[in-house]
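First chain written, first letter: the chains are A, B, C and D, and each begins at residue 1.
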Amino acid sequence: MYEHDVIVVGGGGAGLRAAIAAHEEGADVAIVTKLHPVRSHTGAAEGGINAALRDGDSWEDHAYDTMKGADYLSDAPAVDTFAQTAPEEVIQLEHWGMPFSREDDGRVSQRPFGGLSFPRTTYAGAETGHHMLHTLYEQVVKRGIEVYDEWYVSQVAVTDEDDPNERDCHGVVAWDVQTGEIAGFRAREGVVLATGGLGQAFDHTTNAVANTGDGVAIAYRAGVPMEDMEMIQFHPTTLPSTGVLISEGVRGEGGILYNSEGERFMFEYGYATNDGELASRDVVARAELTEVNEGRGVEDEYVYLDMRHLGEERITDRLENILHLAEDFEGVNGLEEPMPVKPGQHYAMGGIEVNEHGETCIDGLYAAGECACVSLHGANRLGGNALPELIVFGARAGRHAAGADMPEPKIETGPYDDAEREELGVPVGAPDGDADAVEPAADGGEAVDADDRSPDAVVEATAEAERERIDTLLEREDGVNHADVRSDLQESMTANVNVFREEEGLKQALRDIQRARERYQDVYVADKSRTFNTDLQHTIETRNLLDVAEAITMGALARDEFRGAHWRKEHQERKDDEWLKHTMVSWNDGEPELWYRPAILEGDEQTYEPKERSY
Amino acid sequence: MSESYDRGLVEDFGRWREFSAGMWAWVFHKFTGWVLIGYLFTHISVLSTSLQGPETYNQTLSGLESLALVRLLEVGLLAVAVFHILNGIRLLFVDLGVGLESQDKSFYASLVLTGVIVVASVPTFLTGAF
Amino acid sequence: MAERYSSFSSGSTTWLLQRVTAAFLVVVLAFHFFLLHFVHHAYEIEFLGSQARMQDLGYYVTMILFLVTATFHGVNGVYNALVNQGIDGKAKRAAQIVLGVASILLVVQGVRVANALAGF
Amino acid sequence: MSTQTPETETETESETEQPASSPHQERRLAEKRERAEREAAEEAADATKFDGETLELKVFRYDPEIEGKEEPRFDSFTVPKEQGMTVLDALIFARDEYDSSLTFRHSCRQAVCGSDAFFVNGQQRLGCQTQISELDTPVRVEPLPHQDVVKDLVVEMDHFYDQMETAQPFFDPDDLPEGELEEQRQSRENREKIKLSTRCIWCGACMSSCNIAAGDNKYLGPAAINKAYRFYMDEREGEQKRQERLEIIEQEHGVWRCQTQFSCTNVCPKDIPLTEHIQELKREAVKQNLKFW
């Protein structure tokens, strides 16, 4: 067993920032990550980091834009904390040497981004995430923080109380991908989950192959609710053949969208008569698909994004990376041709329910970054708001986990008795409601022997259960290949839980997921080696995708309104009376339960009045 | 690097074939450098015959020069020296950071020029050898 | 963990000298070749001719410099090549000694030859 | 790139108005037609698995634990050839369709994570960045040379990471501006100077291609030296650290080992002019040392 004060799971932007913060609090920190930190998907972020840095801008404006973009489904305390802290965190990055793009006077540049009332997106070329990730990792190296890289975390070690609010987290169980060793990691102070996105639940996504929602699913099965899972952002400009992202920066710099008729449809068809291409992402993504569905798409599939008029100099100065991406992954020369683009899954607004200190309802378990939901992005995330979220809430989670004194949180977590609950009437969760039948071993929270509750025993027992589970998986001689289950799931999700959602489709998706769960019970791992067994790893990840996809679909089916990224065919309006509340899904030991928690629109400094959202 | 087993194909074959210009330049420069320093030692030992007096010196030199093999080797030496000089100049430019983009072209140029100079000097070198 | 290289031994001097000698050698070697193969043909070289050239002080100095720089350049080049192959510890020490001794012998012998020719 | 429809006249006048007639559009239409045809054909002829064009992928296999794989060998996979297919796509296909134990690192699919540097047809390349159509067939995929193989295409990266860390890859300014929200100033020119060097994705291709690094285990290697360059040339870097860093790169197994073979520069997927950066640091080291005399 390994032992540290704070264990950070994940080495992306959020995890690295959390580790640095915990280290600065004096804790002995270790990062456990399935990819070497510099391989994390934060490195793929292109556009930039929002922060109110300049005269004429203010954190209040940033907060307001964020709340409006979120379609009023965010919690004000999270939004305020975020907008207030983002500037110092961004300057902190600069002080750590991040190579931001610069103005003539040597200050960091900012550019306009969709949904922002001020050009406050700080950037480093079109590779902002790459530079941020590397800058943070450099600071981790500088501090000598221990990194267990290529260790796959598969469980959190949590005590077995009936009420999730009373559970304690004492560590994690991870498995060394290179050697197959399965070990417990005891965390004396806290565990921070920072495992990133879940895009692999869909088949056209900007996310990496490693973005399989592990942290979300692990915390979920340990008893933490998932919040607002239906809120999935589809990015309007991804390359059709691969899903590689073309940054919003292109539109920020003045790029234009055309349909097959050569019309600038954002204006001509009135999707966003003020902001045009720079409207919020959900608006643009729907506009594009509407164009395609109405027959004005190119080849019935996509539209064009044109940046040629910006001129070679400006493009190479600020968007050079885009030229490479378009060339390498679509064979298009962005200086000479318009680039084909279509919407693709991009970001999960929802995730592990946490408060503004990153705490979940389980004591000692934290989450930060894309896998968490402090309820900052609500129903739609603004471009350039995720990277600052990583550093703002990553740092706070790390600090709190290391035992720093922080004020009483304003956001509540965990299930409570008189919460409003809902039955969907469609089978979900473990097939036949039998959690034990779902594959060889338990799902966290269940594994621990009741007699010995010492933290070490909890961690060791969870590790032992994991060893058994993996042995069982490896012993099976034949069955279903996880890749088949995964691709069926992805197809169904993209067909039914995409930008446009219909009741029947959503129900179909839930049926497909049930079927996938049943098939998954017969899953087997063909590769019997303990050395670098990616077959085994992907098999376990697929299980996580099933849980995550189910919660997404449940939320989408329940929320019968149109808010932010969530569009429902049968319900074409935002229903503020009924739906200013978060959807929550609890695993409930195999019988997922859907319930609600009201959104908080009242902050310390300002109260947010839901207004019509027009761009 | 400690290889835990023989990586046969990966490490041996298929590699030199894929060498790029810069790698070949390095191989040739190394080879010619070693030949030159080898020659320097030989050269000084041949010239050392002068310590035994003019006759020995003259005899050794003309003796050697009358051998066709030695004449051929001299052409080889010229080739080696010319390449080492030309590529050496190329390397000096590289060290100064000049013309890095055309480093492959300058390597090919050194090769071609070496060839031309050697061919052009063959008559001079082989006069009376056969 | 990689070892942090603590013992500071700069390679910049020998690196620079290798380039400086190379620049010098370009000129002298070309001159040498030209003189002894094209102006005078190698097969015509005689003691008297060599002696006559060597007695010119400028030529004598040039040749000694040629010898010294070429020796340094060549031997240092060989040494570098060996280090590039990763030789270390004892083998490296041995290479230093062998190459060092060889170059001293070469230079001494070369100077004796030059002196003999010049008649010093 | 392969199909360039000669369309010069129409293009100049109707560039922005009619993107619909761009060569790209036509190419995609053609592709789509082709794909539809291929799919139809596939259904018709069930007997032969793929009817369209296929390619042969030869992949290096090794697993110290599995009988029959302890001895390195090459496996052949037949993969249907698709437009825009990359080496990584082909590997994924082979894994998902034929042999789920085929092991290789990959994640981002867009040349930023640096996981999938392989030795493809004798050159170090990123799988996700290499179009199959640009390669001779059969396509031979091997793990990066000069590194221990863990399994199949997965190599041991620790040595590479160690060398990167030896270069002290972090920023260490002398003093920071007063006031919490004051950034350090940096000129555009200076940012431009370090720009290319900051692109490194730690893929290890350069190190694997370098003959010197292969022979001399202690050689810092092009990526680590480039990392040092990135900080050394940054005008925000502190004087103290700059000196320390210079000492690290100019010790015996630092910059001097580079023999300007350029193969690192040739293989770098991020087009970083590595040799140029190494050479610049050599000159810098000489200059600094001359100053002390």
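Here is the rule we use: a contact is a pair of C-beta atoms (placed from the backbone, for glycine too) under 8 Å apart; a residue touches a chain by one contact, two chains touch by 3 or more.
Given the structure is predicted, the values throughout are model-derived calculations rather than measurements.
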| item | value |
| --- | --- |
| Result of counting contacting C-beta pairs for C-D and B-C, higher pair | B-C |
| Per-chain CA centroid nearest to the all-protein CA mean | D |
| Farthest-lying chain, centroid of Cα atoms versus that of chain C | A |
| Centre-of-Cα separation between chain C and chain B, whole angstrom | 16 |
| Distance from the mean Cα position of chain D to that of chain C, given in whole angstrom | 42 |
| For chain A paired with chain B, centre-to-centre distance based on mean C-alpha positions, whole Å | 61 |
| Centroid distance [mean C-alpha coordinates] between chain C and chain A, Å | 65 |
| Overlap residues in chain A, where contacts from two or more other chains coincide | none |
| In chain B, residues with contacts to at least two other chains | 91, 95 |
| Multi-partner residues of chain D (each touching 2 or more other chains) | 64, 159, 165, 217, 259, 282 |
| Contact set on chain D toward chain B in their complex | 60, 64, 72, 74, 119, 121-123, 140, 142-143, 145-149, 159, 211, 214, 217, 259-263, 265-266, 273, 275-276, 279-280, 282-283 |
| Chain A residues touching chain D - in the complex, by the definition given at the top | 35-36, 38-41, 43-44, 53, 87-88, 91, 94-97, 99-108, 125, 127, 129-131, 134-135, 138-139, 141-142, 178, 208-210, 241-245, 258, 260-262, 298-299, 304, 306, 308-309, 324-325, 328-332, 337-338, 340, 481, 483, 487, 525-535 |
| Chain B residues touching chain D - in the complex, by the definition given at the top | 1-11, 14-15, 17-23, 25-26, 91, 94-97, 100, 103-104 |
| Touching residues on chain D, where the partner in the complex is chain C | 159, 162-163, 165-166, 212, 215-219, 247-248, 250-257, 259, 282, 285-286, 289 |
| Touching residues on chain C, where the partner in the complex is chain B | 19, 22-23, 25-26, 29-30, 33, 37-38, 41-43, 45-48, 50-51, 67, 70-71, 74-75, 77-78, 81, 102, 106, 109-110, 112-113, 116-117 |
